[in-house]
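Paired with chain B in one complex and with chain C in the other, chain A is shared by the two complexes that follow.
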Partner chain A sequence: MEKQKGRGRFIFFCVAPATILFLIFMVIPTINIFRMSFYKWGGYSPNKEFVGFNNFVTLFQDTKFLQSFQNTVLLIVIVTIVTFGLALIFAALLTRAKVKGTNFFRTIFYIPNILSMVVIAAIFSAIYDPDRGLLNGILGIFRGDAQAIAWLGDQKIVIYSIAGTLIWQAIGYYMVMYMASMASIPESLYESANLEGVSAVKQFFTITIPLIWTNIRTTLTFFIISSINLSFLLVTTMTDGKPDGATEVFLSYMYKQAYGNSSYGYGMAIGVIVFLFSFLLSAVVNAVTKREPIEF
Partner chain B sequence: MKMKKILALVMALTLSSVMVTGCGGDTDKDQSKGGNTTGGEKQTLKVAALESAYGADVWKEVVKAFEEEKGNVTVDLTIDKSLETVISAKMKAGEYPDFVHLATGRPDALTETLIKDNGLLAIDDVFDMTVPGESKTVSEKLIPGFRDSSIIKPYSDGKTYMAPMFYSPAGLFYNAGLLKEKGWEVPTTWDQMWELGDKAKAEGIALFTYPTSGYFDAFSWALLANIGGPDFLKKVTSYEEGIWDTAEGAKYLEIMGKLAEYTEKNTVANANNTNYLKNQQLILDNKAIFMPNGTWVIGEMEEAPKAEGFEWATASIPRVNESDEQYITTFFEQCWIPAASENQDLAKEFMAFMYSDKAAQIFANYGAVQPIQGASAMIPDSRGEKSLYAIYDTPVNAITDGGFATTDAVEGVSIADSWFSAYDSVVSGSKTVEEWKAGIVEASDKLRPALK
Partner chain C sequence: MKSRITIGRVITYIALIILAVSIIVPVGWVFLASIKENNEFYGNPWTLPKGFHFQNFSEAFSQARMGSYFFNSVMVTVIALALLLILALPAAYVLSRYKFRGNKLLNLAFMAGLFINVSYIVVPIFLMLVDGNKFLKQIFGGNVSFFLNNIFIMGLIYASTALPFTIYLLSSYFKTLPKDFEEAAYVDGAGYFKTMTAIILPMAKPSIITVILFNFLAFWNEYIIAVTIMTEDTAKTLPVGLMNLMAAQNAKAEYGKLYAGLVIVMLPTLILYMIVQKQLIQGMTAGGIKG
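Take a look at the complex of A and B:
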């Protein structure tokens, strides 16, 4: 009995530091965000005015917010689909097809992921430069002297330019993740498939994909979270929402409202929406992709 | 097994103790600081200043000069390029600096937030103080016009909450060498401006470019005043109802709409944080003639390659008719004392010291000109900024109170976004001038009821 008590106390002391840290730095701030979203507050003065759901009512009539919402959703969808597809294909090619220099390619693909967003923004600003940029330079071969495309200046294109940068940045990371789980699939499965004359493409869809499904599900949640976070970093460093809000995303708009527009409470209301949206979307994606795990 | 348990327990305890001491550390430091300020003999003044294009050394020198002047004062100086992030966290924790040099118009809008939250100290008495080490008062030394600027008197109570710092002409910047070489005159009216635009276009040179749309504030104040006088400007910036439907309002929109057509085609693509220098480079490369800017651009582009015979010059914003009065926006920064400052009297003395000849000379050595009489003559001849102040020798009226009237925060509404950022869309062709106007009117309508 005495021993049991000691054990309980021991577990309590071991778990306590982490729990306290988690409470202080995660749970309490999150609760605070929810609480502050009900106030009209500039952020510094002691006088906060309780306004109930007013901030949320304003939010859904705010066209600038809806534009940033639209941009974020577009980025999540495009970046997820394209990165997911390309990363899977590259991972399959590098593990299955006996390409020379697999490790070399793996390193090269991974490099964008360790670069800072500021560096990436600078690289892509140069690539997208209308006059001397790499992209217009290459397209110029086919387009001749046609008017240069303003990758960061044309409202219809600019969000895709942001998506392109995010995809370039993310592919390597997801490719390495998929490669890791593909490597653990036993070779014998592919050998027997080969003996039965199954094509490489069919092997990919019937053996590879089902066997790394758990991994794919995890990465889908990553896609949602990282698209929201990284788009903020990229937009802040590269375009700052310009031109005229065409690249504004959730978090950059939240930051501008909370600080630039002295509406801290309103900013927190946007934070609450982002929190709920990403949680909900992840839950939906998780539910939709639920399958019985296949084991080998 | 037991050993393992003990080890784990020790590690857990260490973690907890690190956490507790981590939280406690700051309070100890605060107490020692508090003791210093209330000690009586040696006083400590907490000064926070933005490190702008003039560099960090300028503040170190000024602070040293103040310490020498006072003898028994130590200045605890914080200088940073993003000062807001450094001081706002401390301010949220209740630790306020005593004196802050941070102008309005910054993206994080810390100064504006404090204005909206009534967080600044009224400093009218500073202007009646004798400048430390001199015999004149601050008011006597100030250039007329700055004392009554509505920027430093943000509310309708008539009190002053900020002090003007570093002024400069915000006009059109251009390469005087290019105009000399081509034999072109600097246009004084918009008709001459369009004429020059057509001539330049024939030679493959654009008439106009801008670094980012944010530079249109100072540009617009002068243009609005040129069109309808300072009263009209005041009505626009205080969101008067129907002001955009007047003939003057329509003229402004018409000129801006036409200017968009004369703007260099890649300007919008580069009008962002990362690439705005490329737009400024267009002037240096003789690819565009004019851009709105401030004197800091000279330092900013110092290392950049320039066309042969390049020479910085400023011009006023053109007028509608030759006979109209000429206005020029005078850009100036501000310093202030937080209402929560613990050392207000000393902070006021420091503020008054900013207008001493000693301080003004140090600022001028770095290209920053204090708004006191004779300060622009203090700039060393070797600095390019000196010639730009010559614009005040021409018959111009300086506008020192451009800027929007203070309102309570209105969630989701930003006049700067609806007005200046949206101009990018006019230039790129995705918005018509009418749509642009509708956006400005909508934002003005929402801000009007919130006027302070």
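Take a look at the complex of A and C:
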């Protein structure tokens, strides 16, 4: 290509505005999280005192933080396993079993993904309500006049109620995604497997899963990051960490400390841990799920 | 393959129907609940509404200010989408199709941005805006609050934080186009800018529509930035207003208004979804990443 005059200027004016705003609203805030975590800084006072790793030392003795750590990990594990398991099974059923009304199901399953987390929180508050809730309304038929279950009030149950909502929200999205990648697997592979008498379940594990593995791997990495974020949004809007911190997660605790409590330095120390944790987890998942890519 | 009625097929249908019902019923229930009168909420939640109590909607719009929140949501969504397209289209085009110094570094930086979620950085962004206000106060004096509660600033933040995903999506399309388009344009004497606006961007229309759809949903539904930086009632958006209604419902048992509010927030996205469902699902599988 022949170089024209003004090439450099054109490149600059195309790239600079986006780059500058990306720096201001994403890169600098990220750097600030790491920088501010070394300061003791509360409220709107201008006094920032450098305290080194003090915030982190306090953090690992803070039982509320440790509880939010535990809740986050528990949610990630349950939600990831159930969502991916069900999404893969449903996607395989819809693509392989020649079900009638595939489009109808796909359209319906995708709906939760277009709803605001606030809307989902409100809907599930109505579902989980102990006295007037939809869930206890149904269960009442089977359980008679037994004690109503406090889905969001019982410390032992509430984290699973949150997990259920997150799974409901995510499952359709991943199902639709895997349906698309499963549709690209050549039919001939399944035909020859059928001729050899391989069962549908075995076909699922030996043909379908290995062939869309790259896709599963990419989505898994991003799913973990997004579930840290979504669990925060759901907890903030639905339970606010109640009862007694039983649903507090990483980011909701950070937000409470930094924004609600104005302990910016301490809050940002939590932010650093969240960053490191999510990067580390992504790296581990990426390494563990590494396989030789299979071509078809 | 013969299609037979087997136990496996029956179980398949039952599983699919259960999942579909678990989605249709709660969403449909909200629509029914939005026309119920307040006293209908005591007792069995499964009863159908006795009549059409549309007053819930007018009360939500006027008393609960959902009308003004609706206006704010429309404004911020439109501003953010316009800014995003102006910023991301040229950037994605140049980053994916031009070789220049720093190109690799910039591409890598935007890719890394995919891993930064706004929930992580919302507090530093808020503090930056507070500092901005302090700075203006020093210059102009008085009680200025330019950066907080400003629809345009929030639109700018929405657009900026959506850049990595949008540039990623657009770049992956631009990369597939053959070089011939630009070469032909230069031979015809078109400049760089003309080539981009008159030849490349019209071809990218399907990708641009996908970008608009995804970001419309993200901006319209956004909660955490809005609740953090829009502290005044006049500047709030629909999801934040809905949270107020949820709190009011718990305190004052005003159910009708809450469900009317839910319908007001949901309906635009559901209508859009019904119109462009196919495009949305195709676009999603092309991008492959969820924010």
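Throughout what follows, the second predicted complex is superposed on the first by the 268 of 296 C-alpha atoms of A that agree within 3 Å, B and C clash if a C-alpha of one lies under 4 Å from a C-alpha of the other, contacts with A are read in each partner's own complex, and residues count from 1 in each chain.
The rule we apply is simple: contacts are C-beta pairs under 8 Å (C-beta built on N, C-alpha and C of every residue); 3 or more make two chains touch, one makes a residue touch a chain.
Note that the coordinates shown come from a computational prediction; the quantities given were computed from them, not determined experimentally.
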| item | value |
| --- | --- |
| Chain B versus chain C as contact partner of A:M26, first or second or both or neither | second |
| Touched partner set for A:L59, first chain B, second chain C, both or neither | first |
| Partner chain(s) touched by A:L280 [first = chain B, second = chain C, both, neither] | neither |
| Which superposed partner A:I294 touches (first chain B, second chain C, both, neither) | neither |
| Touching partner for A:K242 - first (chain B), second (chain C), both, neither | first |
| Which superposed partner A:R106 touches (first chain B, second chain C, both, neither) | second |
| Touching partner for A:A150 - first (chain B), second (chain C), both, neither | first |
| Partner with the higher number of touched chain A residues, chain C or chain B | C |
| Touched partner set for A:I81, first chain B, second chain C, both or neither | neither |
| Residues of chain A contacting chain B in one complex and chain C in the other | 10, 13-14, 17, 21, 44, 121-122, 125, 129, 236-237, 259 |
| Footprint of chain A on chain B - complex, ascending | 5, 8-9, 12-13, 15-16, 19, 84, 88, 91-92, 107-110, 112-114, 116-119, 212-213, 265-275, 278, 409-414, 417, 421-422, 424-425, 428, 430-431 |
| Chain A residues touching chain C - in the complex, by the definition given at the top | 1-2, 4, 6-8, 10-11, 13-15, 17-19, 21-22, 24-30, 32-33, 36, 44, 90, 93-94, 97-99, 104-112, 114-119, 121-127, 129, 132-134, 137-138, 168, 171-173, 176-177, 180-181, 194, 200, 215, 218-219, 222-223, 225-226, 228-229, 232-233, 236-237, 251, 254-255, 258-259, 264, 267-268, 271, 274-275, 278-279, 282 |
| Sites on chain A touched by chain B in the complex | 10, 13-14, 16-17, 20-21, 40, 42-45, 47, 55, 58-59, 61-62, 64-65, 121-122, 125, 128-131, 147-148, 150-156, 236-245, 256-257, 259-263, 265-266 |
| Touch list for chain C against partner chain A, complex | 1, 3, 8-9, 12-13, 15-16, 19-20, 22-27, 29-30, 33, 41-46, 86-88, 90-91, 93-95, 98, 100, 106, 109-110, 113-117, 119-128, 130, 156-157, 159-161, 163-164, 167, 179, 182-183, 186, 191-193, 196, 217, 220-224, 228, 239, 242-243, 246, 258, 262, 265-266, 269-270, 272-273, 277, 280-281, 284-285, 288-291 |
